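Across the two complexes that follow, chain A remains constant while its partner is chain B and subsequently chain C.
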Partner chain A sequence: MTVVSRRFVSTDRRVREDRRFVAGSGRFVADIDLPGTLHVALVAAQHPAARIVAIDGAEALAMPGVIAVLDGQELSAATNPMMNGLDTPEVKRFPLAVGQNRYAGEWIAAVVAESRRLAEDAAEKVRVEVEPLGFVIDAEEAVSPHSLPVHPRHGSNVLLDRTFTWGAVEDDFSRSEERLSFRVTWGRSSTVPIETFGVIARWDPWSGILDVWASIQMPKYADQIARALKLPGNAVRVHYDVDVGGSYGVKRGIKQTVLAGYLARKLGRPVRLIEDRLENMRAGDAHGPERIFDVEAAFDRDGRVNSMRMRALDNAGAYAGRAPFQLGKPIGAIVGPYRIKSVEYRAMSVTTNKTVQEAVRGFGQSPTNYAIESMMDRVADHLGMDRLDLRRRNFIRADQFPYLIPSGSTYDSGDYHAVVEKVVAAAGYEALLAERDRLRGEGLCAGVGLAACLEPSGGNSSFEPLLNEKNRTSTWMESSRIIVDALGDVTVNIHTTSSGQGHETLAATVVGEVLEIDPDRIRVVRPDSLASLPGNSPVGSRMAVMLGGAASNAAKDLKRQMLAITANRMKVPVGDLVYDGGDVIGPGGSRLGWSDIVEIAHRRFHELPPGTSPGLTASFIQQVPTGVALPKDGKVQMYPCYSFEFHLVLLSFDPVLAKPEIHRYVIGHDCGTVINPHIVKGMTLGGIAHGIGAALLEEFVYDAEGQLMTQSFLDYLMPSTHEIPPVEIVHHCTPSPLTEFGQKGSGESGYLGAPAAISSAMQDAVAPWRVTLDRLPIRMSRVSDAIAAAQEEGVTSQ
Partner chain B sequence: MKMELTGSEAIAASRQTLWDGLTDPGVLAKCIPGCKAMTETGPDAYDVEMQLKVAAVGGSFRGKVILRDKQEPDTCRMTLTGGGTLGTGNGSAEFTITEVAPDVSRLDYSCHGEIGGLVAGVGQRVLGSVSRHLARQFFANLQKHYQA
Partner chain C sequence: MRVPLTVNGTTSEIDVEPRITLLDALRDLLGLKGTHTGCEHGVCGACTVLADGAAVRSCLMLAVQCDGIAITTIEGLAPGPGELDVVQDAFCETHGLQCGYCTPGMILAASGLLAKNDDPTDHEIRDALSGNICRCTGYGQIIEAVALAARRLRQNNLRPALDDAG
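What follows is the complex of A and B.
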């Protein structure tokens, strides 16, 4: 293996964004204060489903400072429905309920006033007369043909029901020596950023432009706003230079922006909608997947898993959006890191009277990883094998890459055995098991958990055409533009918002690397959407691959231009030149400096080679590596690059209290070449914290009457420093052959395996009691009750 | 979420006086915690307006109260339906008055209800104790009314 020496990539360099955040000088949407701004508060539905008989805003409008009350009738008459990912035209969705509401908390009316306080007070005075309707909360009930459809015109609650068979599933099952089946359920959790969603919209009738500042992370956001508001695409100007206080998928904000945009046009003043916690939790439409997995595994007694059948039933909530696609992305890593020969996968998404789902970190991959890893643990248990040995036996080997999995994706690279061996060595696997047994000897429940998971990265959108045949998407580009000004200083344009991913550091680092100049000298700016090249925003763990690719390719183009200018000047072939730290060296050591080349490019057209544009700029629109073909026979290359993580956890708890204490958390992580180690470390630690939340604490719980019971942080439990242990990260690097520096994605690292690993450890801890845990989050009360019940039945842990 | 509340209170009033008070909108408006107005809209039918605070949630509530199955001066049933910024509430209550001594009566009551909306989601963990507290306050007010 050749060792590549790099100046900036992978080196210990400060994350440039951190300075302003640490100093409290970020610029978030709530910091933007336009003169004359109006404020919005929302009137929420009380019932899970009800026909809206009348909305009377007279009393609210009579209050001082109240400007307008808007309902769904008026709004829906003036706008187009928001985008559906699937071909479900009768599942119409508007920012405010039209005619009936479909979940408790759904926004029924918006009140606009001179201040948020006045708007909230006035919202209490809006009289809503309703007639409660029947409703359905449970996904299995919703799927039944006898269930009430949430959208009667759609005819049923089924948004998606597709079965894929990849490989010889029947044969592999009949040839296998053993099989087992089980059910696990991923509870409805999400990413719950401290900054709720916020948007400010301002309409300028003289330019005909709607300016939007928002806390946003949404592909094709400006297009979607324009389409919904019936505006030309070039009438919506989204300002990307707004810091976003956390997202990990959920800051999609279409309904909020359409609402604010409509009001701004109607009222002729800037309109600001910043959700409070309750508006955000119950109606920000930002809940995550809620998924029941029925899994069947076929395997041999030596531990080889041959085939898998999986049915994933997802509770999408009241409207469709993009969320059902979260059943599609995991197809790209449906066998995890294992050599499973064939798979049958049934993906089902149903509507219910719950809050709408949005994308969450990993876009459905973490729940699927939990199901796959539960399967591996159960197979090991069934065979009486060590869980680690079982995984080793099934891992794809390093010499098998690129590796084509049954569902049509090729994994680019990896060395799973090496990562696992490094972690085992660092953690001392045998010693960890001994420590577990020692804790058990003290009367505690103690368990070792492990999970080996993939992070598909470089976000493509191939699940769109795979799950919706009318969708012909085969590109999911990202772009960058570099301008070298007449003084020779470099500015990189990136065309998206960031929600903490460090894109400015990323772009400066890779451009600095290619141009061999100090990244600290490189300015990174975010023009607004009208001045931007096409892109698809930082979703799908894609920016290291895609923005990193776009910026480095633009830099390479600049370098090419500089070489061409020098060759023309020196009258030598380009091949005789060497680029050196911004200068170009010719034969015999003659040198043309950076500033000389800039001078020629900007001022001396007569010295430019024929066909060369003056000025020194380059743009590059990066296509997803591998992302060109439409699906065929239910197969597609989903994402290009595959990062790997292996988690090893030791925890224990008192059998009566069942409050887990994590004693050791080691993760082995391979995301190829790391661009900035601090960013990757932050992603991984945050992802693990997020995963511990999903595994043990966080859930949007509904009661039987369809009311959301966890609307505040009193009830929706977030992990804090008390629950998050120190984490040891073990690095490994298997470069991707598909990217400029060998980088892969890491935006979802940690989260994609932590829930599976915690679940595995909890299950190991209760195994002596013959208790089975099959649902996340694993609540203390459930564990404690299950152990108590086992004790009553006479089971002892010995 | 479903709620139940049952209890028994001794009130310093004769059976008839207590009956008159419990079916008098003026008295009820004075005694129901947070009650702003109680307006008769028909025979045994009233509109009620309340301003309440439950845990972190405060707001207004408008509802309709209907008295049914009146057996003066012993028992009566009431139904309540309504909603407001706090949430929705539907329920029924039944009370029985027994005179236990001259000018002292025992009031036995049982209420069943369903609470929805904001207060169910945010106030669920305290709803039980808050409703008991409100009931206590109501009876304290009622005692005060008869002592005055």
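What follows is the complex of A and C.
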């Protein structure tokens, strides 16, 4: 393999965004003060389902400073329903409940006042008369034909029930020597950013433009706002120069923005809706997947896993949105890193009277990885094989790439065995097992956990046409524009908001790399949506591939123009020229400098070659590599690039207290060429922390009455510095053949395997008591109760 | 209710309802937007400021309680426009942040620790930051930043001696 020498890509450069944040000079949506702004507070539903008989805002409106009380009847009469991903037209969703509410906490009226405090005071005075209705919160109950439908006009709770068969599943099952089946459940958690969702909308009747500032991470956000508010697309101007205080998928904000946008037009003043924590937790519509997996594996006694049947039943909550698609994306890596020959996959999404589900980091991939890895552990246990050996036996080999999996995606590149061997060497696998046994000897529960998985990256939306035949989307572009001004200084435009991913650093680094100029001299700005080229925002681990591709290709176009200008000036063929650090060298060493080329481009049209525009600018609209075809026969190429990670964990806990202490956490990570090492490291460590939270702590728990029990940070537990151990990262680089520098995505790294790894370690720890853990999060109380019960039955750990 | 509020060395008289938190007063009355709102019930630490040098949650303090207390916000750390202090620079060096939302609180909590202890152990750093939730980083590069800042502070001969109390 040739070693590519690079000036800036993969070097240890600082992240340029950090300077403003450490100074407290970020510009978050709540920091924006517009004169005359009105504030919104919400009236929340008390019952999981109830018919709204009357809403009386008179007492609230009589309070000083209160401007308006809005209910769902008025709002729904004036706006279009929000978009559903699937073809489910009778599952209508508006920002405020219409006629009935469908989950406890759902917003049923909005109060607008001169300050947030006044709006909150007034919201308490809004009288709501309701008639409680029956409700369903459990997915298995909801899927039953006898269940009450959350949306009666839809006819049932089933949003999606689709079975795919890829390969000779029947044959592979009947030919296999062994089989097993099991159920595991992924509990409802989410990313829960520290900044809640917020939006400010301002309508200018003279220009006919709705200006929007929001903490947003949403593809086609402006389009959706315009559609819902019945405005032309060019009447919604989203300001992308707003810093987003964390998102990791969930900050989709359509309902909040439609509400604020409608109020801003109606009242003629800027309207600000910044969720408080309670509004965010129970009605921000930002919960994550909640999924029951029933898995059946067919395998041989030598450890080869031949086929898998998986049924995934997902609880989408009260409305459809994009939640069912989170069952679609994992199809692109449905066999994980393994050579499983055939798969039957039944994807089911149902409505219940819970808060609405939204996209969460990995878009459904982490739950599925947990199910696949649970299967691998159980197969090993069934055969009495070492769990690592079993995986080694089933990994796709380095010489098999590009590798086509049964569901239609081709994995671009990888060397899973090499990554695993590096981790095993770094961690000392045998020593880790010995340490586990030593801890057990001290009377502790101790376990070694492992997990291998893929991070599909470079996101397109192939799951949309796969699950909804009316949707014909095959492109999912990202764009960048570069302007070299008349002084020769470079400005790069990016066309999205960011929520901590360092896109300004990414764009400057790759443009600097191509143009061979110091990235610190490059300005990166974010025009508003009306001044932007098309893009799809930082979802699906896509920006290293897609924005990195767009910016570097635009830079290559600039370089091409500079060479053409020089060739014209020197009267030589372009092929005789060499680009060198911003200058162009001609035959015999003659040199045309950067500033001379800029001068020609900006001022001397008479010296420009034919077909060259004046001024040095370039735009590039990057299409997803491989993203060219619609699904066929239930198969599709999902994302283009596949990063790999392998986790190895040692933990222990006291059998009575069951509070896990993680002694060692090693991850091997291969995301191809790393553009900025600091950023990739941070993504990976942050993803692992989030995964530890999902595995051990975080859950939106509902009681039997349909009430959310974990509405605050006192109840919804998130890992602190005390729960997250030091993590060792072992690097490996298998470049992608599909991208400019060989980069793949890393925005979801760590999170995609950590829950499976922690679960594996916890299961290993309780195995001596013959206890089976089959649900995340794994609560301390459940573990200690299960061990106590086993002891009562006379099981000992020896 | 009129109350004098001393923030970053400047005292101003503010007129607030008794129920206004220090957090809201800083943001809405003084325009200091670097102090961030996270949970408003004292768990996440995003609103951390220093009160007489100790890290406190500004969402759990009322503005009217602050008479006679010196408040330091993130805006009070930088020695000059465009210049970073040692802790801020260390966070940039290790990339001890991503979205930047918890960062001011995190840096102030770290500054509160380092003012008393410029040679903290890993455990002491974790303890001092355990009331500040970060959803981006998994804390690794934050802990590296605080350790780096401590090392640089110890090596910095311009630094005033630690308080006797420290």
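Heads up, the rule we're going with is that the second predicted complex is superposed on the first by the 798 of 798 C-alpha atoms of A that agree within 3 Å, B and C clash if a C-alpha of one lies under 4 Å from a C-alpha of the other, contacts with A are read in each partner's own complex, and residues count from 1 in each chain.
Everything below uses one rule, namely that a contact is a pair of C-beta atoms (placed from the backbone, for glycine too) under 8 Å apart; a residue touches a chain by one contact, two chains touch by 3 or more.
Because the structure is a prediction, the values reported are computed rather than measured.
Trainee: If we overlay the two complexes on their shared chain A, which of chain B and chain C does A:G549 touch? Say first, second, both or neither.
Mentor: Neither chain B nor chain C is touched by A:G549.
Trainee: Looking at the overlay, what does A:G187 touch: chain B (first), chain C (second), both, or neither?
Mentor: neither
Trainee: Once chain A of both complexes is superposed, is A:D243 in touch with chain B (first), chain C (second), both, or neither?
Mentor: second
Trainee: For A:A123, is the partner it touches chain B (first), chain C (second), both, or none of the two (neither)?
Mentor: A:A123 sits against chain B, while chain C stays out of touch.
Trainee: Applying the touch criterion given at the start, work out whether A:S25 contacts chain B, chain C, both or neither, answering first, second, both or neither.
Mentor: Only chain C is touched by A:S25; chain B is not.
Trainee: After superposing on the shared chain, does chain C or chain B touch more chain A residues?
Mentor: Of chain B and chain C, C contacts more residues of chain A.
Trainee: Please work out whether A:S712 is in contact with chain B alone, chain C alone, both, or neither, and reply first, second, both or neither.
Mentor: After superposition on chain A, A:S712 lies in contact with both partners, chain B and chain C.
Trainee: Look at A:A44 in the shared chain and tell me whether it touches chain B only, chain C only, both, or neither; answer first, second, both or neither.
Mentor: A:A44 sits against chain B, while chain C stays out of touch.
Trainee: Just to be sure I read the superposition right, which of the two partners does A:P726 touch: chain B = first, chain C = second, or both, or neither?
Mentor: After superposition on chain A, A:P726 lies in contact with chain C alone.
Trainee: So which positions on chain A get touched by both chain B and chain C?
Mentor: 712, 714
Trainee: What residues on chain C touch chain A, complex-wise?
Mentor: Residue positions touching the partner: 17, 19, 27, 31-41, 43-44, 46, 73-75, 77-78, 84, 88-89, 91-95, 97-104, 107, 122, 125-127, 129-143.
Trainee: Quick one: which bits of chain A touch chain C in the complex? Just the residue numbers, please.
Mentor: Touch residues, chain A against chain C: 14-15, 17-26, 28, 30-31, 33, 117, 191-195, 243-248, 274, 276-277, 499-502, 678-679, 681-683, 685-690, 712-714, 718, 720-722, 724, 726-727, 750.
Trainee: Which chain B residues qualify as touching chain A in the complex?
Mentor: 1-2, 56, 59-60, 83-85, 87-88, 114, 116-118, 120-122, 124-125
Trainee: Quick one: in the complex, what on chain A touches chain B?
Mentor: Of all residues in chain A, those touching chain B are 44, 46-47, 104-105, 123-124, 278, 282, 703, 705-712, 714-715.
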